[in-house]
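Naming follows writing order (A, B and C), and every chain is counted from residue 1.
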Amino acid sequence: MNKETLKKTVEAILFSSDTPLTVKELASFLDVEKSLVKEAMDLLAEDYKDRGVNLVAIAGGYQFLTSPNVYRFVADFHKRESKHSFSRASLETLAIIAYRQPITAQEIAALRGVQSVSQILRNLLEKNLIKIAGKKDVVGKPSLYKTTRFFLETFGLNSLDDLPDLKELGVEE
Amino acid sequence: MEDFANFEIEIQNFTGPLDLLLQLIRKHKLEISEISISEITDKYSRVLKKMQEMNLDIAGDYFVMASTLMLMKAKSLIPREKEAFEEMKEELIFKLEEYEKITAQAKILAEKLNARQKMFERGFKEDFVSKERPLVVAENGAFILANLYAGVLRRLKALEPDIIKKSKYTMKQVVSAIYDFFRRRKKARFYEIVKGKDKSYVVYSFSSVLELIKENILKGVQTSHFAEIILLKGKKYSYKERDRIISRYE
Amino acid sequence: MNKETLKKTVEAILFSSDTPLTVKELASFLDVEKSLVKEAMDLLAEDYKDRGVNLVAIAGGYQFLTSPNVYRFVADFHKRESKHSFSRASLETLAIIAYRQPITAQEIAALRGVQSVSQILRNLLEKNLIKIAGKKDVVGKPSLYKTTRFFLETFGLNSLDDLPDLKELGVEE
């Protein structure tokens, strides 16, 4: 392997790895001298010195990290992205509310086969995906939950009628 | 069987009856537009038979095509059905040509996929699709919701006793209907038995007839090698045998 | 934000993302003109042209990916071949949808010469490669299927126009 290919290979492996890698690891994997890998890393560190991404020595190894100068933007961008990610349990709860609304916490818990969904409901209320829409007229007057308009926006729906037909999924309601 | 030796490897890999037909056409270096129906029917049936011998789980789709091909062959022999035959043949050729395009397009996709998979994204991990990874709601969010809800319903259903959905026809009905046909006559053409019926009836009839032939209850004859199947009462034709066959499916 | 900082920010955000991002997404997040973001991306694509990592146009956006030239080493290092594999039947189904969308399940089944494709469709929906995009205005109102943005990402396509016409390949359409 010539020096040019070695440098590109090291660059690609470091990029695609989510943990720092040591010179030793790479040298042994690529079956080349450690000094050659070290040289390639140094050249890369130099190349990336003034970029938005730097090659940083960390935990005895090397890792590509975004530059501290632009840290704020990167962090904010990914935080915003994570707004659209949900745990399976909360998405399942949301699905039940979407298809069964209005519905009480107890009914949701029964459908999911769990004791309580109050933590998840609080979370969904905070995210403005569901709302309380009155009380059910039974003993204890439990709250009834419904999805919000923001829910429709988040899931790209015009109305609740746009929710996929369950028959297509091979399930009878 | 001349050329099944190297065909066997692919035999389990057909994606459907059109795929099987197209592979047969390619194998024999034929032009789609110039296929002979009786020849292709014969070749098709032989592969189907081979698949049955190998005890492969064959989808009904293959039998539907077999019956269609046989029906076409039958029509081609009847002068007044000539026009209907030509129409069916044209339709089949059109379908095969469309299907050939699809295979070419699927190949393009496979090549694109292959090229993309030579590149890796950031943070490429072994457990990339770990179950704990949060679900990201993108454009398919509504489907993910529907699917989760369907999962909830399935989970609940799993606790209920199983109710097996009845199909439109039963073997009992079909076998009885075939027997009715032979009440006042000694012979019938397969085409007559399924005339005017829907596809699933044709499938049921076809497999029932095969079963009855195997049991010597009926006899299948062909006047020439590629001609339509004519059915005759067999050695073991009796109502007792009918009930025995039917009882297997109860 | 000056051009230099913008370029570094775009670089850092793209670098830290494992999916393609569009000019529009970044421009709206950073609150700058789309043309400026586009300019920064083009400069970056040029910078990375001959490196071990390239900036690739995918699914209408851009994504940093390791160079195909060093593919073997990267794959071996992570002991991983490809993420996705498809049966011929699913590839055919995807090809039908990709080239003829929007299309109904029944139309797909007819083209493939089979009775039903619901199992394969469900599978492709689960993998987020296709989506339901409305109903066809005929009896029974069957769902219409389309490919998703994730389909483009998975197959490394920038848009559906990247799928070559069969005429170009010498096959008569």
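Note that a contact is a pair of C-beta atoms (placed from the backbone, for glycine too) under 8 Å apart; a residue touches a chain by one contact, two chains touch by 3 or more.
Only a predicted model underlies this, so the values are computations on that prediction, with no experimental measurement involved.
Asker: So which chain ends up closest to the centre of the protein, judged by Cα positions averaged per chain?
Answerer: C
Asker: Hey, which chain ends up farthest from chain A, C-alpha centres compared?
Answerer: When every chain centre is compared against chain A, the largest gap points to B.
Asker: In angstrom, rounded to a whole number, how far apart do the mean CA points of chain B and chain C lie?
Answerer: 34
Asker: Using CA atom averages as chain centres, what separation in Å is found between chain A and chain C?
Answerer: For chain A versus chain C, the centre distance works out to 19 Å.
Asker: Rounded to a whole Å, what is the gap between the Cα centroids of chain A and chain B?
Answerer: 43
Asker: Show the residues in chain A shared as contacts by 2 or more other chains, in ascending order.
Answerer: 12, 15-17, 164, 169-170
Asker: Could you tell me which residues belong to chain B and also touch two or more other chains?
Answerer: In chain B, the residues touching two or more other chains are 120-125, 138-139, 142-144, 147.
Asker: For the complex, give me every residue of chain C touching chain B.
Answerer: 15-19, 54, 56, 63-68, 71, 74-75, 78-84, 86-89, 91-92, 94-96, 98-99, 111-115, 125-126, 128, 131-132, 148-150, 154-157, 162-164, 166, 169, 171, 173
Asker: Can you name the residues of chain C that touch chain A in the complex?
Answerer: Result: residues 5, 7-13, 15-17, 29-30, 51-53, 64, 66-67, 69-70, 73-74, 76-78, 118, 122, 132, 143 of chain C touch chain A.
Asker: In their complex, what parts of chain B are in touch with chain A?
Answerer: Within the complex, chain B contacts chain A at residues 120-125, 131, 134-139, 141-157.
Asker: Which residues of chain B touch chain C in the complex?
Answerer: 13, 15-19, 59-61, 64-65, 95, 98-106, 108-110, 112-113, 115-126, 128-129, 138-140, 142-144, 147, 199
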